[in-house]
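Next, two complexes with chain A in common: one pairs it with chain B, the other with chain C.
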Partner chain A sequence: MQRNASRLPTYLFIVGTHTGLIFFLYAHATLRTTAYAHWQPAIVYICIEALCLFLLLAGLARVPGKDFADLFIPLGKVASLLLLAPLVAYFLLVSLMVMRSFAELVRIMFVANTPMWALLALLVLLFMFGAFMGGDSILRANVVFSALFLPVLLFALSSCFKNADFHYLYPLWNSSFDFLRKQEFYSSMFVVSPFLVIGMLPPLSPLRPRGVFLTMLPIWALCLIALHIPILVFGTPAARLLVFPFLATMDSVSLLWLVFDRVTLFYAVSIMAFVSVHASFLLWSIGRIVHKRFPKCPEKPVIAAAAVALFVWGLMIPGWDWLQNMLFWETWLRILAVFAIPAAVLWRGLILSRRRAAS
Partner chain B sequence: MRANSCLADLQQAAASREDLKIEPFVLRGTPVWIAGLESLIQRAKTRYELLGSLPEISCSFEELAARLFGEFVPSSELLGKLLQGKLAVLSGDGSRAFVLESEPAELRRTVDLPKEETIVGAPSAAFVEDLNTNVGLLRQTFVSADLQVEYVSLRGSADKRIALVYLRSEAPPQLVTEIRGRLSAPSRQPVRSDQALISQLTGTRWQLISPLYNTELPEQVSEELLRGRVAILMDGQCTAAITPSSIRNFFAMFSDKHFPYPLMLAIRAVRIIGLLVALLLPGLYVALIAVNPETLKIELALSLAMSRLDVPYPAFIEIIIMLFIIEMVVEASLRLPKSIGPTITMVGGIILGQAVVQAQLVSNLVIIVLAATTIANFTLVGFNNALTIRFLKYSIVCLSAMYGVMGLFAGLIGFILYMSSIRWYGIPFMRLR
Partner chain C sequence: MIRPRRLPSCIALICALTVLPGCWDIKDINHRVLPIIMGISYSKDHKYKVSLQVPVPTARNIRILVVSAEAATLSKAISHLDMNIESNLDLTHMQLILFDRKVAEEGIQDEIAFAMRTQEIPMKALLAVTNEDMESFLRKTGNSVVQNGSSFMNFFNKNAGWDPQITLSALWQAFETIHSETKDIALPVIRAGTSTMLEFEGSALMSKDRMVGQIPPEQSLLVNIANNQIEDAVLEVTKSSSLLIVRNSTRHRGSIVDGRPVLHTRMQLSAIVKEKHDDKSEDEIASELTEQIRTRYELLYEKLLKAKSDPTGAGQHFRGLLPYEELTAWRERYYPRLILKCDVSTVIVNQGNISSN
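And then the complex of A and B:
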């Protein structure tokens, strides 16, 4: 009982970080990869994530209690920098993208007249505050967020089925697999990236690979559902044109008995909680990794510097199109982070466990 | 050392403490001096009992001490003992002295019903100001050899006596050691209040959430002791401070357990909803009226807009003014004599409920929001906890005025993150066990 209770925050955290992305950017990212039969790229993404997660967990299980920094720093100055710098850069990029897109969504939904700098300032301050509180605090807060916001989010989602037309699912099969040749497929691969945060968890809470995989099963099911909700409501061609397919889908729902005009409100506030958890944890991880690599740099100033960088960078992005372009440019970084880091973790895990066995 | 140093010292002390009485007395043939503070002890009764407890044979001074269970103390400690309400017996030449328990003056309240925490269907004896009585109440509530009581001596003459109470089998030893260590560390200010106690325990005075959960119910304390917490009882306080506090203390009480389990869950759910309402409702009002009216159904948005058609200032100012007035009413009625209380309630009720709306200074809806917020606030367990939420809702109102619904939830997310980051003695505040 005690053991299970202590792992619950970890599993909920994995759900939370994924939720922030699945119901937010996932549908748009996957929809643009191909013209129809979107379950194919979605399944490929799931397989990629499962494979990388397997590598990561296999590595981490061999060296309990160690995170990315602990594993890579003993490799020496240059090698550790070569592995950790892209990881930190990638964490920063994911936070930036999540923050900037969320600001965009909020602007569309709630505060059309508020200047972007004011929105970004609020979000950055919130993320920085979370990061200052530390990784274990974020994990605990996420338990409360899950209790408060997951039911709300699921309610908002299920209300979308009111307008669903299941004929939009066809055609089911796309034998060309054209998405594999499109750059969109690779630039959208950030949707599988939340699993990387698991690499920062071991010092906070022990991981059990089987438990993590069992947690991923409903998440993957949700991925497929989240992808198909806009398709079921609007049809594939229309859904592909939308920047925030989810938002548009929610906006189409009208519940007479509800005090609020649209269920979008519920959707946006729940997403905000999970986006905050994700981004705060990424910022904290950046602080952690930099502090471990350069012990003279204390964590909090590093986090503050990263937050300032996020803010400035976020302001420099003029609009949504530019954000999409940025996704293209940093595809290489993403592929490195998603494939090379878990492989390196496995390699380090094997070496360290063998060394321990020998001694 | 002077021959009659004890007597001389006491006489010197009595010069500026006129309630300190020193008088010659003959105890079974031995001339002695007896000294005590007449404000703390009943002199006549004490003298009578002193004679009654001795056999009718002549005794030496040492024999007297032995028969009366006296404790010899040096001259330097004598005054301190007398200030604790003890009686001193000095030898005829005034060179030696022993102290013994005396009949105390009737300064203490008897055990009574709780004044602040009214409970339904549960034992309702409450703590009083006297430390020994309070420890006794705990011993009576929790009959077990496991119950440990430690008196911690704090430095400085103005400090009060403090007792640490815990269960040996439940409280983690490192927690008890940690609390004991922090209490015995040198303090910057005399530890006479909860604030000083908090700063002694945590090293800071700037925490919004207290590490102590105060209760005046012995039953509640024994419940918390079973959860491995430590109770700190301070002489002169009619509450026990349980530490480390947790989020549970915002909505759970032992008396809930007198109801069937599903009903208990329902009661606690009401309190949790109360917490959210007290924290969010004023902010939600500002957000929906001033920033995001479009999120409401059009009929509702229009009727809300109608209700504040003639209100001359923004929703933020409107609600802040009314919240302050409510705060003042709550604050004023706390210390009002019982006979004047209803007057203030009536004046407050009429002013807030009728006149302000009729004068079109605020809208009807604000009154409803305020009433709901205030009531929700007092569903929370513990006055301290309610105060924290009362205070924090202002930050959420400000964020809502700036960012609307998004600001409201940013505030809530920040609040939860803050609560999650709190640790007392390494134990997280956000835990349900």
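And then the complex of A and C:
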């Protein structure tokens, strides 16, 4: 009982990091990959995530209590840098993307005139504050956020079914699989990336692979639901035109008995909590990894530097289209991080456990 | 040990205070005006004429202001109005977007896209069409708003004064159906009433973004029955009786026979006898209603197919039966050739408190 209770924050954290993306960028990212039958790319994403997660967990389970940095640093200076540098860069990119997209959402939704720097400064400060508190605190904060905001999000989600027309599920089968040939499919693959944070969790809390997989099942179900709700309400062609399909769907719900006119405000606040959890943890991970690789660099200045980089970089992106273009350019980095890192973890795990067995 | 660690976070928190209060870019409520109806029509000199009905609260009551501006684009017209009104124009409480009939007939795709894009106009805002002059409509209806602030809302509110004949279509539904391959909407056609605030003239049939015809209220009732939109009782008068339809469930099933779409529609109505003239049995009364609804529904469909407008969403039932490439040609190739097989059944629930005249 005691042991299970101590694992709850970890599992909730995995849910939280995914929630930040699922209810936010997931629908748009998947909708743009193909014209119809969107469950196909969604299932492929789920399979990719399940496979990479399996590799990662299989590796981590063999060497308890070690994170990415602990596993890769003994490989030597060059090799560890080759593996860790792309990982750090990718963490930075993911946090940049969620931060900038969230700022854009807030701008589209409520404050069209507020300068970008003010929004970004607020977000960066929040993320940096979270990262300074350390991974443990982020996990604990996430428990509170989950208790407060997950019910709100689920309520908002279920209220959307009021307008759903299930005929839009059809046509069900797209035999061309054209999404596999589209670059959008690969650039949208960031939606599977939150599982990488699991690689930073072992020093904080013991992981049980079975538990992690059981946590992922509802997350994957949510992915499919969050993707299909805009489709059911707006129809595929209209849903594909929306930049924030999930937001629009929620705006369309008219609940006269609800005290508040716009459910979307709650949605934005809830999303912000989970986006902050995700981005803060990524920043903290960056600090952790850099500190372990270069022990002379203390964690906090690294986090602060990363935050400043985020801020400057976020300001340099002139608009939404540039953000999408950036997703294209870093596709190779994403594929490396999503596939190569879990594979390397498994390989290191096998070697280390064999070495330990031999000695 | 913890103390020095707290310093940066304290600074961060204090910095956040400068942005958090939100006293910035926000105009106070007393410096805003909140229009509730926007009318869009064409004008002679410029493309658009945008008219707004704005309630302005005065010391005791509200005053209704009707303002109009003409410009080449909608946003230009709105910003022109904003300039001339002493307060800031806030569209977030818009209830109704009213199209002049000519605008609706030309197509409303751009107008809907504008409204969706701003995020300021709520997607729940309802749409309607009018044949009247926009400004005089807004002025006339404004008078009843002064007497009863919520009279306008009640006309369309399902929990208040809405009637089952009135088709309701929100902004998001227009956006949905303009882009959908297999579905359309019907917009209510309204005019300012002589004794009441609004009068319902019928429904505008839309084909994608264009208005292609109009149906009278008794046919738009059938559209709502076919969409299972009846949440209220509705009175039907047949040759020998008056019946109150209290419940309805309609199911559609599509099938393709020899390359032609066939739609099977089953309507199940439950009715209560309100009045009857001849001493007819329940069965006779029921079959009268059944026959009446069926003939009228078939007539409606003849009209819909000719106009290529599909407010009952018949095409939705063929999405699973046709490949995607064929679906995009649904409106042109399949819908006009649709065969309707309508099956209505009526159950008389009771005859009220007396069994016979």
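Observations
Methods note: the second predicted complex is superposed on the first by the 359 of 359 C-alpha atoms of A that agree within 3 Å, B and C clash if a C-alpha of one lies under 4 Å from a C-alpha of the other, contacts with A are read in each partner's own complex, and residues count from 1 in each chain.
Quick note on the criterion: a contact is a pair of C-beta atoms (placed from the backbone, for glycine too) under 8 Å apart; a residue touches a chain by one contact, two chains touch by 3 or more.
Note that the structure is a prediction, hence the values are computed from the model and not measured.
Of the two partner chains placed around the shared chain by superposition, chain C is the only one that A:L172 touches, whereas chain B remains out of contact.
When both complexes are overlaid on chain A, the residue A:A35 reaches chain C alone and has no touch with chain B.
Look at A:M116: by the touch rule set out above, it reaches neither chain B nor chain C. Of the two partner chains placed by the overlay, chain B and chain C both lie in contact with A:M133. Once the two complexes are overlaid on the shared chain, A:D251 sits against chain C while remaining clear of chain B. Once the two complexes are laid over each other on the shared chain, residue contacts for A:L51 go to neither chain B nor chain C.
Of the two partner chains placed by superposition, only chain C is touched by A:I108; chain B is not.
Contacts of A:A273 after superposition on the shared chain: chain B is touched, whereas chain C is not. In the superposition on chain A, A:G235 contacts chain C only, with no contact to chain B. Note: residues 111, 114, 118, 122, 126, 129, 133, 261-262 of chain A belong to the chain B contact set and to the chain C contact set alike, using the contact criterion stated above.
Within the complex, the chain B residues that touch chain A are 291-292, 294-298, 300-301, 399, 402-407, 409-410, 413-414, 416-421, 428, 430, 433. Residues of chain C that touch chain A in their complex: 5, 8-9, 12-13, 15-16, 19-20, 24-25, 116, 119, 122-124, 157, 159, 170, 172, 175-183, 313, 316-317, 319-320, 322-324, 327.
Interface residues of chain A, counted against chain B in their complex, comprise 5, 106, 110-111, 114, 118-119, 122-123, 126, 129-130, 133-134, 136-138, 140-141, 143-145, 258-262, 264-265, 268-269, 272-273, 276, 280. For chain A in complex with chain C, the touching residues are 35-36, 108-109, 111, 113-114, 118, 121-122, 125-126, 128-129, 132-133, 163, 165, 167-168, 170-172, 174, 233-235, 237-238, 241, 248, 251-254, 256, 261-262, 300, 304.
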